Amino acid sequence: MMPLLLIIPLAWAILCILLPQRWLSLTIRAGLLLQVGAALLLTADVYVNGPIEYALGDWQAPLGIALIADGVSVTLISLSAVVALFVAFYAQSYLQRYEHEQTYFWPLFWFLLASLNGIWLAGDLFNLYVGLELLGLAAVGMVTLTGEKPALHAALRYLYAALLGSLAYLAGVAILYGAYGTLAIPQLGELLDANITTFVAIGLISIGLLLKTAIFPFHYWLPPAHGGALAPVSALLSALVVKASFYILARVWLDMASEINSHVVLYSAAQGLGVLGAGAILWGSWQAYKAAQVKMLVAYSTVAQLGYLMLLFPLAIGTTAVAAGLAWQGAMLHLLAHGFAKAAMFMSVGTLVLAIGHGKVNDLAGVSHRIPISLFAFGLSAVSIMGLPPSGGFNAKWLLLQSAMASQQWWWFILLVVGGLLTAAYVFRVFRISFVEKATHEFSSTSSTLDFTALALAAIAIAMGFFSQWPLSLLQSSGFQGGGL
Amino acid sequence: MISFSVDFWYAGIGAALIALSLLAFLLSKRLLKKLLAFNIMGSGVFLMMVGMAQTQNDGAADAVPQALVLTGIVVAVSATALALVVIRRFALASVVAALAAENKAAENDAAENDAAEKNGAERTGSDTAVSDTTVTDTALTDPNLNKNGDPQ
Amino acid sequence: MIAFDILLGLGMLLAAAGVFWSADLFRAIVMFVVFGVLLALAWLRLQAPDLALAEAAIGAGLTGVLLLDTLSVLRAKKTAAGKLPPVDQQLLNTFTSTRACAAQNNHGKGHENLRFLAVGLLSLGILIALQAALFMRPEAAVNLPSMVAEGIPDAGIEHPITAVLLNFRSYDTLLEVAVLLVAVIIGLSLRIPSNSNEQQAPSSALIGARQAAYAGVISEDGGNDPILRNFTQRLIPLVLVTGGYILWAGSTMPGGAFQAGALIAAAGVIARLAGYNIASRVDQLLRFGLVLGFLVFLTVAASVMFGGRPFLNYPDGWAGSLIFFIEAMLTFSIGLTLLSLFVHSPGDGAEPNAKSSQRSVKSGSTVGSDNGVGNRPPGNSGKAEADHD
Amino acid sequence: MSLLLTIVQTILIGTGVLFFLVGSIGLLRFPDTYTRIHALTKADNLGLGMLVVGLLPFANSPQQALKILLCWVLILAASSVSAYLVANKLQNEEPDA
């Protein structure tokens, strides 16, 4: 089952390059459904049988490359399959007016999906590097699609940041291979020893991944890239792409280095990662509050929300098992809820901007009358982003709060509360304006597909408030070995 | 403990190359220079990868890191080519934008040109010879510098 | 030989320093190629002839040509108006991160010095950390080279590096080919048709100016030179034959698909530089050629699963021939990909009409938008970009 | 016999390297492009020929010797063509020079 998750997107990428335009629509839908089906089957398999390892080419791990599906990876595979499904339906409608972009969007879309699946399943450090590069290049390509100057500029920044990040990562991998003679993550987990070489390697890997995840203060490339791309591209980038490098970071710290991460060096570094997260939350929220363009507001909101993910490290490393478990659940739930909600948010905002023809927050006046469904989708996703009950975002932040209390790190507790208030501030700014009665603009009509795909994703984010036991039990039964669960 | 070996020496050179090109990457403001720095940094990482691994193998060739580096070289050339393509397209867009602005500026009255000049003075403080085109260009180039929007 | 290694290592550092500290970009790129040649020598000293080949062909050769070509396009001319400074001056100097740019504007020199200091300390820290990691490394617990040696008899290929690339870690290679494919797709998406739709381009004078600005420098002279033409006519077949040889040799000794593909691309680049117009006239065929290698690789890797084998596993006894088949297709596609990245780069004004007739309808809207006043749909990316910080 | 061969080889290779050195010095020291091309191509081609002749007896097999000769031919052709191109370009740009 596992290789299907690679074969389907790769094969569909080729089909989208080769097939004539008129066959594409149906082909893409078929591929999406196959993809979701494969993801669900694998999830069920892992849920029943526990973690699965798959030796590619029948060569066992240190010589060959293994794919590993555990609870965390199948959760993320399902996330990316579902988000990709709705984004793709949205994109099919949205891109109708972008004929040139459409031709090149789909191959890149499938390559992006293939690299994401490859990353969620990877059991090998170097393979992760190739996956990261594939992901980064496909993402940069999606940003450049319109060929417009600001987009190209944003793409160049993004590309340079991504390249620097992956080289730092590769340098760390090179050192680990030079020191231990293997690249397989589970094997390295057994071998790692607390020494300078290991610390330098983990440091380089972490810096590279922080750069790619756009964690404050390395976030500078994200807002123009995410805010400047086409709406479906922004949705994919914010919901999935930045999560990939965070996922690798979590794997490295909490899975591969789980034996040694309470060593004083790594323990302090984990607190440092939390401080970066705090910076991201405060700075990102403030910038979102100040943003004049509504897409930039949402992009800065991504910067802020990524900060919460970083709290996983101080809450889970060197604390009690209970606190670590709660932190794990909270961070993973946050990742899921943010993935659904942020994709919905970018999609609904894309529809709003398309309808009013301008991107300024102040121009949103009157949308509550004219485009109510998209605004409702935006509202639902905002509920989850703010962390109001009932939503996936609320449950996630609640778990993180509990973890902060359980590990008696009250400073993270305060941060979580302040961050929630700041989020509310910038979200309500949009609402205040959108409920102004008098419209200042002409509205052009938009397809209802755009409205309802965004609404569906937002609804999933809310529904996770009621059904968060499902992903959590999956994590609990087969999470990372060293994840404190 | 450490005796001089060819592999160890080149791994050390690789480390020095990484540090040197990091310096150049962060300090340089020119896109092509940064790209050169990225390529040399990559070479440094590759040298470290092969050199360090082969010191563990008593100086004998280790096929695995060599194969990884071969993959890395191809990935690096893909990334470089991609960056160059985007740079070229970006340069093209800049020229066309600057030309369009120039055409418009020729049609517009002097007052708006003054505004552009002022915007330029705010940004560069010097370099007035090419200010009208450069300013418009930069205003479009860097979103964060576009304080008062498009002068037109 | 130790003296040679010390000289070579220091020479590499010097060449790298030369790249970074030459103000002239042309000089920097030439130094970069010199660096690549020295690096190829270093690979030989590290007993990695495959990497020496790859570095010389791909790293120094193709990358160098791509860089020089880009530089010539960026430097190309003034615009029709004759007022603009060369694009590289204008453009490349403005690129810097937001914060650095703001710092530069608001605080001037003092901040700049601080930045130098901070970056210098950072680099020094990285250097010390890397050297420490190198010196303090533990004894490796896993001996992968011996596992490779044990696996070789079953790998169907004698040369260990090819065995790692196309059998033990073939998954990496599959994704790597995908990376190349992504790069060339983006390259194709950003290329610019030269005869554009008049309706969507508001001013044909602009288009003319753009073409004038980007008329390729290189092809101007080469095209009509009889000596160059004669030389390349004899050289190109030889390069292609060498490419084939290196592909074939890859199963038993250094060589393989990537080096051979780079050579094939080099032949194309030489032809292009000598003035032959080798742009693809048929878009569909070009696409097929580009994906062929990847398609064959993926098909072989996936179709074994119908026989109940794992993904990327070769049936017993078939490994050698299948790998060679995949490599041959990959060589073709890699060569075409690298060549395409060179030939189809935007601003390469030297292809008169080859690709435009096919694509003018599809990409007309993009041409319009280049001018910033095209008839884009509302809510495009440009608007969202312009934000306060 | 083999001693004599070694001596001859050493002399040939040594002289070849010397020619390369002289050519490189010429490249750095000569005032304009034409003389630089002159120094480089003349000296380097002679040096290359000596290196090739000096290396031929080292070849393990006839194929290897052929490869060395092929290298020689290719480098000669490439350097003469590129020297011609550089000079030609220069001539076109500044006819008086």
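Lettered A, B, C and D in written order, each chain numbered from 1.
Assume a contact is a pair of C-beta atoms (placed from the backbone, for glycine too) under 8 Å apart; a residue touches a chain by one contact, two chains touch by 3 or more.
All figures in this text were calculated on a predicted structure; none of them were measured in a lab.
Undergrad: Just tell me the minimum hop count from subunit C to subunit D, counting one hop per pair of touching chains.
TA: Each step joins two touching chains, and the minimum needed here is 1.
Undergrad: Where the CA atoms of subunit A average out and where those of subunit C average out, how many Å apart are those spots?
TA: 29
Undergrad: Please work out the Cα centroid separation of subunit B and subunit D, and write it as a whole number of Å.
TA: Spacing between the chain centres: roughly 37 Å.
Undergrad: Based only on mean CA positions, could you tell me how far subunit A sits from subunit D in angstrom?
TA: Here the centre of subunit D sits 58 Å away from the centre of subunit A.
Undergrad: Using the touch rule from the top of the page, what residues of subunit A touch 2 or more other chains?
TA: 126, 130, 133, 137, 140-141, 144, 147-150, 153, 156, 171, 175, 178-179, 181, 224, 228
Undergrad: If I count partner chains per residue in subunit B, which residues reach a count of at least 2?
TA: 11, 18, 31, 46, 48, 51-52, 55-56, 64, 68, 71, 75, 78-79, 82, 86-87, 89-90, 93-94, 97, 140-143, in rising order.
Undergrad: Would you give the residues of subunit D that are in contact with at least 2 other chains, written as numbers and ranges?
TA: In subunit D, no residue touches two or more other chains.
Undergrad: Following the definition at the start, I'd like every touching pair of chains, please.
TA: Result of the pairwise touch check is A-B, A-C, B-C, C-D.
Undergrad: Which subunit A residues qualify as touching subunit C in the complex?
TA: Touch residues, subunit A against subunit C: 3, 6-7, 10-11, 13-14, 17-18, 54-59, 62-65, 97-101, 103-104, 107-108, 111, 114-115, 118, 126-127, 130-131, 133-134, 137-138, 140-141, 144-151, 153-154, 156-157, 171, 175, 178-182, 187, 191, 193, 195-197, 200-201, 203-204, 220, 223-224, 227-230, 287, 290-296, 350, 353-359, 444.
Undergrad: Flag every residue of subunit C that touches subunit D in the complex, lowest number first.
TA: Answer in residue numbers: 221-222, 225, 227-228, 231, 234-235, 238.
Undergrad: How about subunit B: which of its residues touch subunit C in the complex?
TA: Interface residues on subunit B, with respect to subunit C: 2, 4, 6-13, 15-24, 26-33, 35-37, 39-40, 43, 46-48, 50-52, 54-57, 60-64, 66-71, 73-82, 84-100, 102-103, 122-125, 130, 133-134, 137-138, 140-147, 149.
Undergrad: Tell me, which parts of subunit C touch subunit A in their complex?
TA: 95, 97-99, 129-130, 132-134, 136-138, 140-144, 147-148, 151, 167-172, 174-176, 178-179, 181-183, 185-186, 188-190, 284, 287-288, 290-291, 294-295, 298, 302, 305, 309-314, 362-366, 369-370, 372, 376-389
Undergrad: For the complex, give me every residue of subunit C touching subunit B.
TA: 1-2, 5-6, 9, 12-13, 16-17, 19-20, 25, 28-29, 32, 35, 39, 42-43, 45-48, 50-51, 54-55, 58-59, 62-63, 66-67, 70-71, 73-74, 79-81, 83-85, 87-88, 90-96, 98, 100-102, 105, 115-116, 119-120, 122-124, 126-127, 130-131, 134-135, 137, 139-140, 143-145, 148, 160-161, 163-165, 169, 172-173, 176, 179-180, 182-183, 186-187, 190, 192, 203, 206, 209-210, 213-214, 256, 258, 334, 338, 341-342, 345-348, 370-373, 385-389
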